[in-house]
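Just so it is clear, A, B and C label the chains in written order, and each chain counts residues from 1 on its own.
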């Protein structure tokens, strides 16, 4: 399916009344990491979602509030506010709001005034799970139960979560994430190794199956010896990918294998900026992950402590410095010459421009998952306009979903052999 | 009165033909500080007013010119021009202009040419007073006599003047300036002091009285003991605030009190940028201010020599660094955690966005002065459109205006007791 | 002729379907310096022409390709691509393109796929000469033979070429270049010297003659003693100036004179950015230029190695730092106080704003060449719209063109005495 310019607009724009923004408002979406508001009465932080400016804070009781960025009185920025005594107090005139947006105090007015009852501000409901503060920004009457992805049930010892911002539209970031084929190229970080599973077959066969959570897509690579390398991925509407990986751990005096699941959630900050939440968790409830595994994984992805601009979720490697591409490394050692697996993705995705023009594409057979995501997202804009239920929004739609990664025999039916692996263990 | 989106546009836009720009063009307004063109034949400087690009220079005779930024010939930038022999000479082809915009010389043309008589450029009249170069950018036939605010008559030994640029629309800067209530909050720089006059009553009662110069507004705080703390402020149309302060001076081997008057003038550079002129002067013609008092006052306000980006009127504390807010200081010592009294204002005002959306406000009783300013400014746009005289523009409208600050008895009528104090002493 | 706002738009806009963009697409124009792609399989470089984003690379055989900046598959940026084995390979999925835009390989798809036959991308023809990669971006059926300016036939020992980017529209840069009068002012770098040929008469008489390549313009300065100083310049449509200079060489143990020709080509990167190609060559085929002459010339022009931001064609002296104008130098030594002859031009041209408003000019007699260029360029937009041949586009139109610079007797007819000098010697 070729995407028209009109469809491209509909698929990508999320600000104001844009249809895709209304789609996102029908789901619980990540607003910030829990670590951004680490403790009661810590400083408030700016949050921008779907082009809307908000402020988040954790009150004295540990409750998180996600409010309009501006005070109801004269629109002063609540970011500079004082987070104290169960409320966020504006520094302009001391008006104070609780996590639900109720105005608790208007000290610049006479004590008896009832002004505060018409001075409440917009507050979005939040839900804290998996190290993320989730929010629901849509109509109250269509609000689903909070999300229940399997990894949200994994204990902190079994999982890790992080965030990176990216300067392009969310959809081209998603399309990079759910594109399995590019890993044989963009992420080939050892040109001399022609024996890796992904190098053995660089044009995987793709199959897609619609699901209550969105869709499953499987890539099948012929690796010889009568075997195939099967990867079963999940795309949970409207923005999450889950994949299975095998962590071979050679550190900490230990030499072991840890089956794990990884994923990303792509959240539109606005039309041209995306927040990416990265998560990973042990595939086995009985097996916590080794210490430091997540920190080391982050370094490999290009998200180590040195990779961020201090105090932000923005990477040092960025368009302005061509992601520090090293052409000699590219010539001799890695396919891109860019350090960091996800940094490689960012170079490609942001290099397309803020919003890629899909009307000019020439899609191939490996773009099937991408086409499917577009189709479901376009359908979702129609559903949202008609007020219909959204695919994957209810917890039962996605509760049981996980990914798989295994070798199968040539004749095996992938759906059958991976069936058990695709089902939650937590 | 709730401001509609249309009224908000009318109140804030000043570029091109915008109605509020036409209001400002009916008054003498500050164009630059005299210190920016300190001596004859010094380098020219860029000036931007109401979205219009100009160049200012002081000629060999000490006269200041304020001209179109571009040469009449081929629109080369006169900023790079040579200020010499009573004129500003364009570096492109040597054409030369005097302070009135007359073209004096076109040396790239034949000597006898009359070309220069059709090569004059736009020049605005200027008037130098109080350390400021004032200009009038409106129709000649409605030009009032030059301004005659009391502080312009104070000798240099009795006054100080400075400038700061701010990255937001002028009106939200004005509204911050004439808002007396916020000083009990935003400018509370000693959280432990609950006995200051402003802390004793944080919800002052406001009264407003229209005047030929604009309006007087008084804040009354009940401080116990049968007394009230009265502050009488002036708002001179379309952009000036005057207030009274008591400088307790503990320096220079001296321990004394200096009654003084302070004020700001907010001048629109363009729709989203404002130049703020700050002035202060001794309340008593017989009492010069102590040495260094103004320099020390500027440091307290956040405008000391270290606070500016070198060679500019822009502060180092700015939106890009969150005004260097110190959350620990905010938690324990000051209400905002931001250093510098006016820097606190800037954080709040620029944090509202370039032009705040007033249609979303919930005004309280302490916003009376602000509502009045809006009302007068909206009326002024109507007056300008009808070509009527403007409130406060004639020197007799504002010549006698000053502010007051005193303790009064509960039963006192504030207008009566402050009457003498509100009248010029110079 | 006064230029209307509409004509100004027509004269300056080059992006998308703008008429002037279509004019440039009817000529061979410089796309980049050959030194930017110095050797086979070197890193690809970004090129932007007429608002269109491209990528250039030199393949394993030394052929240069100039392609759409984005891969045909999913619009990944080819800038990050691998230049290897006679093609540029996209790092996203390994698709590979040759210098003609043919897709050679789609390794993420099944080996037998015919997908590549519909995956070719836009490629513009290139022609390498004079140290420049030229391209033709217009319709194939109107493509002229490659350019054959005399200097393209000068051997490398006889010529030099360089590039600088400038942040303004191409036309005000051209108008600065073909304006002979300003050199007596803007480029007067020795205020004490009142005896130079250009200082002796600062209002040259201009004459213009239309030519197949565009037009010739002559400036005549009366220098006394019964003699005139004649400079004969060429403007080759749509963007090139050629002038004659006498290089007095006092270096390398040698004291000699080298007659030479200099010129610029102004190429629109987009509406508000211009690439300027600077060339110079020996007037005599039998006389190579002295070693280092071009490097020294570049320093004088303001384009020495220290003058550029590392790794770019952007100058360190720029609008953000007022071109490092030194007002004391301007007062005492040079007319502008800005270092570098062409940097002086840049200060003036960019200081006019991105696109100067020509409807506000007051042209004089020395602006005749500029008026002529505008007239020819406006005519060219009409010709392009009607599909007619373009002035100066065919090699025979410009092959024989060169400039002259000489002293003549008062009574001499300049066309006659300079006739031989205006004809190519190579």
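The definition used in the following text is that contacts are C-beta pairs under 8 Å (C-beta built on N, C-alpha and C of every residue); 3 or more make two chains touch, one makes a residue touch a chain.
Since this is a predicted model, take the numbers as computed values, not measurements.
**Student:** Superimpose the Cα atoms of subunit A on the matching ones in subunit B and note the rotation angle, 0 to 180, in steps of 5 degrees.
**Tutor:** The two chains, subunit A and subunit B, differ by a rotation of 120 degrees.
**Student:** Taking all residue numbers at the subunit B to subunit C contact, is the shared part over half or under half, that is, same or different?
**Tutor:** Interface between subunit B and subunit C is built from largely different residues.
**Student:** Please tell me the distance, in whole Å, between the geometric centres of subunit B and subunit C computed from their C-alpha atoms.
**Tutor:** Subunit B and subunit C have C-alpha centres separated by 48 Å.
**Student:** Residues of subunit C that contact two or more other chains, please.
**Tutor:** none
**Student:** Quick one: in the complex, what on subunit B touches subunit C?
**Tutor:** 43, 70, 72-77, 79-80, 82, 84, 91-94, 106-111, 113, 115, 118-119
**Student:** Would you tell me which residues of subunit B are touching subunit A in their complex?
**Tutor:** 175, 179, 181-182, 184-186, 202-203, 322-323, 325, 327, 330-331, 335-338, 344, 347-348, 351-353, 356-358, 360-367, 370
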